[in-house]
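Next up: the structures, one after another.
You will see two complexes here that share subunit A, one where it goes with subunit B and one where it goes with subunit C.
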Partner chain A sequence: MTEPILRVENLSITYTVGAGEFQAVSDVSLEIYPGRVIGIVGETGCGKSTLAQAIPRLMPEPPASIGSGRIIFRGTDLVKVPKRKMPMVRGTGIGMIFQEPLNSLNPAYRVFDQIVEAIQIRHYREIGVVKSFQGGDVPFDYSKRPTTTVGSALTRSIVPGGAAEEAVKDRIRTRSDYRKEVLEYLRLVRINDPETIIDLYPHELSGGMRQRIMIAMALSEKPSLLIADEPTSALDVTIQAQVLTLMKDLIDEVHASILFISHDLGVIAETADEVGVMYAGRIIEYGPVDEVFRSPRHPYTKMLLAAAPRTYKSDGPLRSIPGNVPNLSRPPSGCRFHPRCPIARPICKGDAPPLAPVDPQGPDLTIGPHRSACYFAEEVPGLP
Partner chain B sequence: MGRSPSDLIVFVAKRLVQLVPVLFGVIVLTFFFTHLSVGNICNAWYPHAGQATIRNCLATTNQPILKQFSTYLVTLLQGNWGQSQSGVLVYPYIASAVPATLELVLAALFLMIVVGIPLGVIAAQYSGRWGDHLVRVLYLSGWATPTYLGAVIAAVFIGPYVGLPNHGEYSTLSPPFTQYTHLSVLDALLAGNLPYTIDAISHLILPATVLAFINMGIATRMTRASMLEVLPLDYVRSARMKGLTEFWVMYKHALRNALITTTTVLGVTAGGLLAGTVVVEEVFDWPGIGQYAYTAIGGGGSVPNYDGAIAVVIVFAIAVVLANLIADILYGVLDPRVDWR
Partner chain C sequence: MAIRSSLGTFWRVLRANPLSFFGFLLVAFICLVAVVIVVAPHLLVPYGPQQETGAFSQSPSWKHPFGTDANSFDIYSNTMLALPLDLGIGVVIAGAALLAGGALGLIAGFYDRPGTVGAAASVSIMRITDIFLSFPSLILALAITRALGVGVLPTVFAIGLTWWPFYVRLVRGEVLAVKHLPYVTAARAAGVREGRILLRHVVRNLLEPIIVYFTLDIGTVLVTYSTIGFIGVASKYPGPQPEWGAMLAFYQSSGSINAYPWEVLAPGLAIFVTVLAFSLLGDGLRDILDPRTRRAFVRGTVSHDPPPERAGAAPGSESVPLTASGAVDAGAVP
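Then we have the complex of A and B:
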């Protein structure tokens, strides 16, 4: 079995605000294997964005701090990497697409300048002008990534190992070389009329367009791992659908390893291979997307799925989970869901249940078994 | 969509046209303030002058005020800005004094930009920590220094100590070449005279540094404030996420946007500086408009020169308006969201 690109081990992140401490992420572990899409789903404030920003160490420290745990990216523990060396990991190592496309592009520079900067960073690292992140004992090997056969010749050409890879080896590149490459990426993200868009400023573009450019920018660095932090949430519904379709196409074509963060169950169901459900800073259920969504084994997941509106016009009132999301400065003891849980017993208030395989006898799937952090996981399918 | 250079020309031209009524207003105000504020104007203006001068003066000031104004405006536009009591023409003198001041202010502005702005970036980067406090101490000590004190300390103590001249534009009274522009460094360069160029630069250092040190606080403070506004924004985070080092994140992405505000404030400051170099010029014997203003109002025991004083007020007003105009244009160029049409 290949090594995971990213392995997060028992990661805890604390925000210190004034005198109070909020543990936004508690004891989270996950693994991302090459070419896989891992979804993280949860309510607002459950810690999923903090997790996403913690991996490339992007959250402001202070107030945030990594309490414990390891973030092993290509064999190197990023928690131990000094902050001044983190830029080497970002971009070509870990790329990221943010939630707020409206403000994520610099208003002072044209689309061309912003994408070309990303391409140059990768180019200089590839030819060794600038030091790049080497990874630890397990250097990441592009050749291990499955070569794609789907998609247009164009998109294939920018896949690692493709035709464009050869051209990149030239040390000196002219502005028109760069322009050609930027145009390629704009076409990759399905921008009509890239020749016009390339010379525009961000304020002249719509939200969906800006998000496509953010995606193009992230992809142009050919990151080993792409983190998509709610890439569609800030867009209106039709644009959301377009960007989501684009993301799905890209996942198929580029075979990137992706950590996809969303609060939208539907989005995760459509894009991810595996899903982790987060609640109050913890992953409480994890497994293949079909399995988790078809037969959830944690009461929270079950109730969350039941609360999701299925059709446009619902027959009755929308279902909701009774109670409130816990205050993370004083989280409940044991299982953090127990105050709202219909099957809670005294044991749930004691130690936190571990994220254990649901069916210990089941086949050990390559993508990991279905796991749940509930002492009574076998009772969950019987819940209404 | 988009902005083309031809639009920029129109944009600048429009601003220049808007300048005309402003300048007219400035001249109107200056003229009426100076001509209506004193009762017996000729005695006030020429206290020690002979009968002939007084007679000439009365001949003009006895005319209706509007007639006087139109005459004044016409002569002003013709380049006749009057003369001092000793018969020195105002206009040629001002025409050589303004570039000298401009040179001093530009040099000070240059120092404010290359030192003050990075200091502001550092202060924002280490906001609330040691770097920030050190920078604050530095610019506040400049801000708190009275101009005369700073100038005198620099001229009397620092200058001789570090071996920099503290007197005039060149070491000799008149340089051995024609002064076309009256910008001392540029004139020496145009004449191809390298020793004089170095001489001119060394004469410029002290007064420009004093001016910059005292006024640098504005650049630093504005940069710090606007950087602190920009730094938490999403595009700074995405620049960081691209893999750029902190230096490029700060100076290419954050500062580029923070500068939009700083430029505007610097433009206004520059206008103020053009009119505010009186003390520095007097201390360093810099042949600029400030020194001329000082002597024109009778400073240092000289004979008051009213035509000169009025001319100086107009020049100062024009300087402030022009500096604002340049700041305005720069704002439009720096912020791509400003439409030139």
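Then we have the complex of A and C:
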């Protein structure tokens, strides 16, 4: 397949707090190819949100700092991009949806103003009024973005970006042009009665609607990579399902790659193509989501899956993983899971195990083979 | 159309809140009177500032609504003639302090990343502010006025010099509270540039407390100026340009308050009414500037308008389907 949109290489992020410092993300590598959804799953404090914010360089620096590694987005190492140029990458290049739908909209502006700000940013970059990010040697060509087919455009809401948009692209847009476009995006995220909603303030909307407005904002910039940091965690289960369905549809419609961060295994299983399991700042298992969840090859993944409550069966008490998430200012030596691991041996305290393919003979799939950072990966299926 | 609708909102909020409506009317009235006195004083004021009426120390009557003093000057005329000056002083000093202190406060609050030029500037601004705040502002203003010489301009300059630090602290505190809110990060993630984030996302959400503080502050400035006038450093009274503080000082020292109580009544009442008017206006503006309370007051403008949000707005709760959103959510995704 083609070049990945995003390649993270050996990324380490350190927080300096007071006199101490701790590594929230250590030595994380991953690749995201166009049109794919990568899930990152892990407990609270495992570094997944830090990773999500580090890619568009949104984490506060300091206290956070990128210790080592590269973030190569469309051929450019974002670690080397000066901070003042980062806004060019954000939005149209890397979009983001946040955890807190309730506070992620500016309370002072109506829905229209919120979305229009995003649309304007993209519009100005498209027509060249404002410089946009040129990834390496390959300038990003908006016209090459795949448009929807006629069939899908007729059956479902229209994705802005067709011929009609081309026509108005080169002239100054009026307020009603923008209003029309905002309404299209509101319909795109399945908001009923957009004509009314567009004039409301955020505090007048429910959590699910606010989250959808957030998604509409992120999508209206047509990012090539969308980072969704726990986009559904603050929502009810019913609305969660709607938002997930919506996001999956949208992936097809705007053809973006998604980095999906969640602590919820079910959500990841439903949305992601590939999943990386994070523990104490490291990715300890990585592979196609079905394979990882069906036959985990790291004891932590196995225990995490076992600890997930299942509503449909009640076979005794909920399982938990003994011990605590390690303190990252003094992480355990070697494999960071070894103090809690049922199959830990002396070697685990030595060098950290590499993230190695589970089955060296297995087919090298385009989405990458199943890999696990455990010396005893082949013993994991036998665990209770 | 947008302007008309926001004016309509303004009107509805005022009507729903009689006390601030009263304050708004009072401020409008005071400003109107001040303008008339500047343009055509004879319409409202029968006597000039130092015009002798021939009636000495008379109690209030139809001819002299607030009586006359020992020099036979009409107290009503002098009080009214002082209005433009006192009002102007309040607005100018508070306005200058708002602009200067506000700008410094924005810088001090927004650019605090350690190791940058902005952080160094922020620290300097805050330390200088602290130095100013460590002196009682009234005493400091008095000292500066005295050093510069007696008169209106030195006093205005002196009060202005001691006034901006309050705005620095207020604005910086508000910026610090707002700039880490998720919607600011969300705007940054959308590719909005820092300058625009500061103006559109941070400053817009400071406006409400700042403007309220500003309107209340006009009254405070007025009282401070009058206090300095009362001590006798700011303006001379009787003189060509009367001023309320100086009038109060002169009447309470020259005559006997027991014998001629009406002499201090007019300037005292003038200060009271003006300060009150701006305080009420400030309260009303708070309601108008905050979209949450604004909508609560203006129920019925939009067909789906929600009921007023519960007190405190319960930021953590998501069970606020305020619109017809329950129905919308349920039927949204096929």
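Operating definition for what follows: the second predicted complex is superposed on the first by the 352 of 384 C-alpha atoms of A that agree within 3 Å, B and C clash if a C-alpha of one lies under 4 Å from a C-alpha of the other, contacts with A are read in each partner's own complex, and residues count from 1 in each chain.
We adopt the following convention: a residue touches a chain if its C-beta (ideal position, glycine included) is under 8 Å from a C-beta of that chain, and two chains touch if they have at least 3 such contacts.
Treat the numbers as computed from the prediction; the structure is a model and nothing was measured.
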{"item": "Clash or fit (per the criteria above) of subunit B with subunit C on subunit A", "value": "clash"}
{"item": "Partner chain(s) touched by A:192 [first = subunit B, second = subunit C, both, neither]", "value": "second"}
{"item": "First (subunit B), second (subunit C), both or neither touched by A:11", "value": "neither"}
{"item": "Subunit A residues touched by each partner, larger count belonging to subunit B or subunit C", "value": "C"}
{"item": "First (subunit B), second (subunit C), both or neither touched by A:206", "value": "second"}
{"item": "First, second, both or neither for A:56, with subunit B first and subunit C second", "value": "both"}
{"item": "First, second, both or neither for A:245, with subunit B first and subunit C second", "value": "second"}
{"item": "First, second, both or neither for A:278, with subunit B first and subunit C second", "value": "neither"}
{"item": "Touching partner for A:107 - first (subunit B), second (subunit C), both, neither", "value": "both"}
{"item": "Common interface residues of subunit A - those touching subunit B in one complex and subunit C in the other", "value": "56, 58, 84, 87-93, 95-96, 98, 100, 103-109, 117-118, 121, 199-201, 203-204, 214, 217, 221"}
{"item": "Contacting residues of subunit A [partner subunit C, same complex]", "value": "56, 58, 60-62, 84, 87-93, 95-96, 98-100, 102-109, 117-118, 121, 190-193, 196-197, 199-201, 203-209, 212, 214, 217-218, 221, 234-236, 238-239, 242, 245-246"}
{"item": "In the complex, subunit A residues that touch subunit B", "value": "56, 58, 84, 87-93, 95-96, 98, 100, 103-110, 117-118, 121, 125, 199-201, 203-204, 214, 217, 221"}
{"item": "Parts of subunit B lying in touch with subunit A, wherever the complex brings them together", "value": "1-2, 233-235, 237-246, 253, 256-257, 260, 334-337"}
{"item": "Subunit C residues touching subunit A - in the complex, by the definition given at the top", "value": "113-115, 181-183, 185-194, 200-201, 204-205, 291-292, 295, 302-306, 309, 313, 315-316, 318, 320-329, 331-334"}
